[in-house]
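Note that subunit A is present in both complexes that follow, paired respectively with subunit B and with subunit C.
Moving on to the complex of A and B:
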């Protein structure tokens, strides 16, 4: 069984290569069906492997099994979290491909399968990153998923915004990747190893007096790369610019799983490389991740609330939620890890569904502007209902999977950090509910336009012309995704299974029972009520949503200027170093 | 905003620079005797009769990384095909035949076959001597472009049917993957170099699947570079923006 793990990468790549090889003669419908078969087959393989991942599997590619504890080969891991992420990636790719069924207008002269092929490479790259057990190999797949994501983001080349967003995305993420590569080089110089577990042991063996500057620098550089991908403040600026312009099916993958893979990478790399006595002390990691995570959640939530461009609004809500994931992972408890794993799964379904609904608006009206669309979408009842349900899922209304994950994480973090969770989820969900009320119900007066805003009017639809009727696929896919997010919270024993596999992989086998608690349910209900109240206030008192003076500088930081984002990236790396410094000085 | 940017750049850059300098001071000394990975890699390479250890690392020990790197190039090419397609407000113009100075023309046409053969040689001997699919592929692909320097764009386009190169790029990726999957079908690990005999050390057919994977990479890189350059050259030479748009 373990020999099949690398097929999660090989099968989608082979599918993509076949599509490109035959692209000139293949009719479009055949290309799309091939895409379904390949991505669905990979998803099925991921599910089968996941069901067999207890005890966790390891596979040495090329059969280079360690001799005397040493190997020259690359290993991939087949434990619950790795295969769980690969499954989530594959299922979401399948959903995105189904949503994009006969979606784009022109089949790119002679390259009918190009979009599907890019999506398949994206799927293979994300699976490869998820199962990587070798740090350099993780970097290779990190790069691969970045390269494909740039191309997919800029897919609609006729729009300057799309090209600009893809360029920003490319510059910032490439810099993150270079930082990561430099960190890997430092670790290799110290330990002579590339497998994550071996680097960890090498650091413990050489760092007798605890970590030194080299360990700190490698930690900062590797984490910079991963946090750029995870869009943590202040590395997050690329995300709204890219997600607002990427084609909707791509947004579903970017926000649903790619960003979360950054958080997953932080968990994997810290747990296997830096968690030992020669690595970075736990207190420092907690300080770094909780600080950055809280900031990310706060800034993401505030910026989300003050958007009128619906896709940007959803993008910022992703930023806010990754902040929450980082806080949950940062406290380094088995409960926190379990909660975040469940939260990520639920969030993937909900966020992808919301983007899918925003795509319906874009293709029906040629606009994703909350103000311009005021009351326009009254007749899109199904989409409206799904948008509202998605908002409640975002708020963590029990029994959604997001609610279960959020409540477990909240109990794990405890204290004032619980407030961050309640507030961030309530504000982001409130913003989505506000959009629902205005766009789909036409409630409240039409808000006044402020100056200098990214409005989201005058967008090009992604389909051939404005849709007069919404195709069934574009309604079914978000419905299925929401149902999946709902099922993740309701299915009996699902939480326990996720928790067990996460703990077996990363928490030394500590067994934790994950279940609904009264406090968790109450907090979930509280966030949902708060979200509804915020949305109600915003709709009835539109003056209230106008950005106050203090939010203006925050919004100006999102300047669209790549140079600014690069400066922030350098600043972020320095801040990360400063936050982790005490442990190095104290040792 | 400008001042804020400069401040951020100064503080962030200084902090990161300080961190890197401190880290470099902790690096192991230059030219030491301890090379744990290098020693193991050389041993493994000799055990499988691959004279060029680098190729053994690339196409045997860490062939899975090479799969990723090849896919990056493949995805980059596919991305360029998508991003550099003709936009709605652009049209194609036939490039004018250009006048080329005689010495340049003679030199280019003289060197072209030499460069091409050199590229193919470097690919073919990847398992024996420095070089391999990546390096040889780039040399072979750029050799073709001497026609652009020596003659003109039209001449280059005649020897460069893009469809063929795009297909061969994808076919090479398929070949690499199929070689990897073959060992899974044989019941061993993905990309295991156990299917073919290792041959006689230091001959062309040594190293098991290394020469095959190396050849697949050579074909992939050569086609990919041709397609990449073609799309960028098209942007510069053929595709023009519509007037008044």
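Moving on to the complex of A and C:
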């Protein structure tokens, strides 16, 4: 069975190559069906592998097995989290391709397979990053998924905002990737190994009782790359710019799984490389991730609340939720890992569905501006209901999968950090509910325009001209995604299965029983009630919830200037180093 | 072990970052990103260096007869160069589109996405 793991990368890449080679002569329908078959086949393979992932599998590609403990081969791992992420990536790609069916009516440059081929490369690269067992291949797949994501973000090359967002995304993410490669080179210099587990053992063997400056430098550099991808504050500035301009099916993947792969990378790299006695002490990682995660959740939630561009609003909600994921992973307990894994799965379904609904608005009205669309979408009842349901899923209303994940994580972190979870999910969900009330129900007065913001008017619809009728695929896909997020919470035993496979891979077999608790349910209900209350307040009393003076400097930081974002990246790396420093000084 | 190549790598990386942060032209910014990447080449090759060693090509020397530099980092550098070429080409294509659609390549004048 383990020989099949590399196919998760090879099949989508070959499918993409086929589409690129034949796309000019292939009719569009044939190209799209090929995309479905390849993407769906990979998804089926990922599911089959996932069901067989106990005990965890390892594959040396091409049969380059280690000789006497030394190896130059390429290693891929097939444990629960790796294959789980690959499955989530593949299923969401399939959903995005289904959503994009009949989407871009004019294929780019007469090449009918271009978009589908790019989506397949994206799928293959994300699967490759998930299963990579050595750091250099993790870097290569990290860069591959980044480059394809830049191309997909700027897919509509005639749009001024799209190319600008794609360039910012490209510069910041590639710089993060190069920082990560510098860190990998330092680790190789120290240990002479590239496979993650062997680097970890090498650090412990050469550590002489504790980490030194080189280990700290490599830790900071590698984590900088991963946190740029995970959009942690202050590495997050590229995300709203890219997500606001990317085509909707691409946004579903960017927000649903790509950003979460950054958090997954942090978990994987810390657990296998830096967790030993020669690596970074647990207290330092907890300090770094909990600090940055809390900051990310707070800034993401505040910025989300003050957006009027609906896709940008959803993008900031992704920032806030990644902050929560980082806090959950940062406390380094098996319960935290399990909760975050469930939370990520539920969030992927809910967030992709919300983006899909925003795409319906864009293609029906040529705008994703909350103010301009006030009361316009009254007749899109199905979309409005799904938007509201998605918002409640975001708030963590039981029994959504997000609620189960959130409640398990909340119990794991405990104490005042629980408030961060409740507040961040309530504020982001409240913002989405506010949009629902204004756009789909036309409630409340039309709000006034602020000075420093991105409006969502004058957007080009992604279909050829405005749609007069919404295609069935564009309403079915979000419905299925929401149903999946719901099922993740109610399906008996699903949580336990996820928890077992995460713990098997991550916490040395310390099994945890994951289940609904009364506290978790009450906190989930509290977040939802708070979200509804916030939305109600915003709609009925717009003056009370308008941006206060202290929020203006926060919004000015998001300047849209690529040089500023690079400066923030450097500052973030410095802060990360400072947060992890005490353990190195103490050893 | 010589410390100089490592200092050079760090210097090149920081120089590239400085250029990116202060850039007034997006083509220059993409060039600065390539400078940052050059730092990774320097670092990787420095890691694999051995005093008195030759290239790891065994066509004219017998294996084990004399030291060779680490071939792994050279393979990594080659892969890295391929990655860099892709990134630079794509970003320059995006800059071209920005020039067409915005009429400027000065990042100070691109102020549509903000807040």
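Keep this in mind: the second predicted complex is superposed on the first by the 586 of 587 C-alpha atoms of A that agree within 3 Å, B and C clash if a C-alpha of one lies under 4 Å from a C-alpha of the other, contacts with A are read in each partner's own complex, and residues count from 1 in each chain.
Just so we're on the same page, contacts are C-beta pairs under 8 Å (C-beta built on N, C-alpha and C of every residue); 3 or more make two chains touch, one makes a residue touch a chain.
Just so you know, these numbers come straight off a predicted model, no measurement behind them.
A.B. asks: What is the contact status of A:466 with respect to subunit B (first) and subunit C (second): first, second, both, or neither?
C.D. replies: In the superposition, A:466 contacts neither subunit B nor subunit C.
A.B. asks: Is A:175 contacted by the first partner subunit B, the second partner subunit C, both or neither?
C.D. replies: second
A.B. asks: Could you say whether A:20 touches subunit B, subunit C, both of them, or neither, answering first, second, both or neither?
C.D. replies: first
A.B. asks: Between subunit B and subunit C, which one contacts more residues of subunit A in the superposed model?
C.D. replies: Touching more residues of subunit A than the other partner does is B.
A.B. asks: Tell me which partner A:59 touches in the superposition: subunit B (first), subunit C (second), both or neither.
C.D. replies: In the superposition, A:59 touches subunit B alone.
A.B. asks: Taking the superposition as given, does A:555 touch the first partner, subunit B, the second, subunit C, both, or neither?
C.D. replies: A:555 sits against subunit C, while subunit B stays out of touch.
A.B. asks: So, does A:567 touch the first partner subunit B, the second partner subunit C, both, or neither?
C.D. replies: Touch status of A:567: both partners.
A.B. asks: According to the stated criteria, A:114 is in contact with first (subunit B), second (subunit C), both, or neither; which is it?
C.D. replies: Touch partner of A:114: subunit B, not subunit C.
A.B. asks: Between subunit B (first) and subunit C (second), which does A:158 come into contact with in this model arrangement: first, second, both, or neither?
C.D. replies: A:158: touches subunit B and subunit C.
A.B. asks: Just to be sure I read the superposition right, which of the two partners does A:147 touch: subunit B = first, subunit C = second, or both, or neither?
C.D. replies: In the superposition, A:147 touches subunit B and subunit C alike.
A.B. asks: Report, in rising order, the residues of subunit A that make contact with subunit B in one complex and with subunit C in the other.
C.D. replies: Looking at subunit A, the two contact sets intersect at 72, 136, 140, 143-144, 147, 150-151, 154, 157-158, 163, 166, 186, 188-189, 194, 556, 559, 561, 563-564, 566-567, 570.
A.B. asks: Which residues, counting only subunit B, touch subunit A once they are in their complex?
C.D. replies: On the subunit B side, the touching residues are 1, 5, 8-9, 11-16, 19-20, 22-23, 25-28, 34-37, 40-41, 44, 57, 60-65, 67-69, 71-72, 74-76, 78-83, 85-89, 163, 166-167, 169-171, 173-174, 177-178, 180-181, 183-184, 187-194.
A.B. asks: What residues of subunit A sit close enough to touch subunit B in their complex?
C.D. replies: The contact residues of subunit A facing subunit B are 3-4, 6-7, 9-10, 13-14, 16-21, 23-24, 59-64, 70, 72-74, 76, 108-111, 114-115, 117-118, 121, 124-125, 128, 136-137, 140-141, 143-144, 147-148, 150-151, 154-155, 157-158, 163, 166, 186, 188-190, 192-194, 212-214, 216-218, 220, 556, 559, 561, 563-564, 566-575, 577-578.
A.B. asks: Name, in rising order, each residue of subunit C that touches subunit A in their complex.
C.D. replies: 9, 13, 17, 20-23, 26, 29-30, 33, 36-37, 39-40, 43-44, 47, 72-73, 76, 79-80, 83, 86-87, 90-91, 94-95, 97-98, 101-102, 107-108, 110-115
A.B. asks: Report the residues of subunit A in contact with subunit C in the complex, numbered from low to high.
C.D. replies: Going through subunit A, the ones touching subunit C are 72, 136, 140, 143-144, 147, 150-151, 154, 157-161, 163-168, 170-171, 174-175, 178-179, 181-182, 185-186, 188-189, 194, 240-241, 244-245, 306-307, 450, 452-454, 555-556, 558-564, 566-567, 570.
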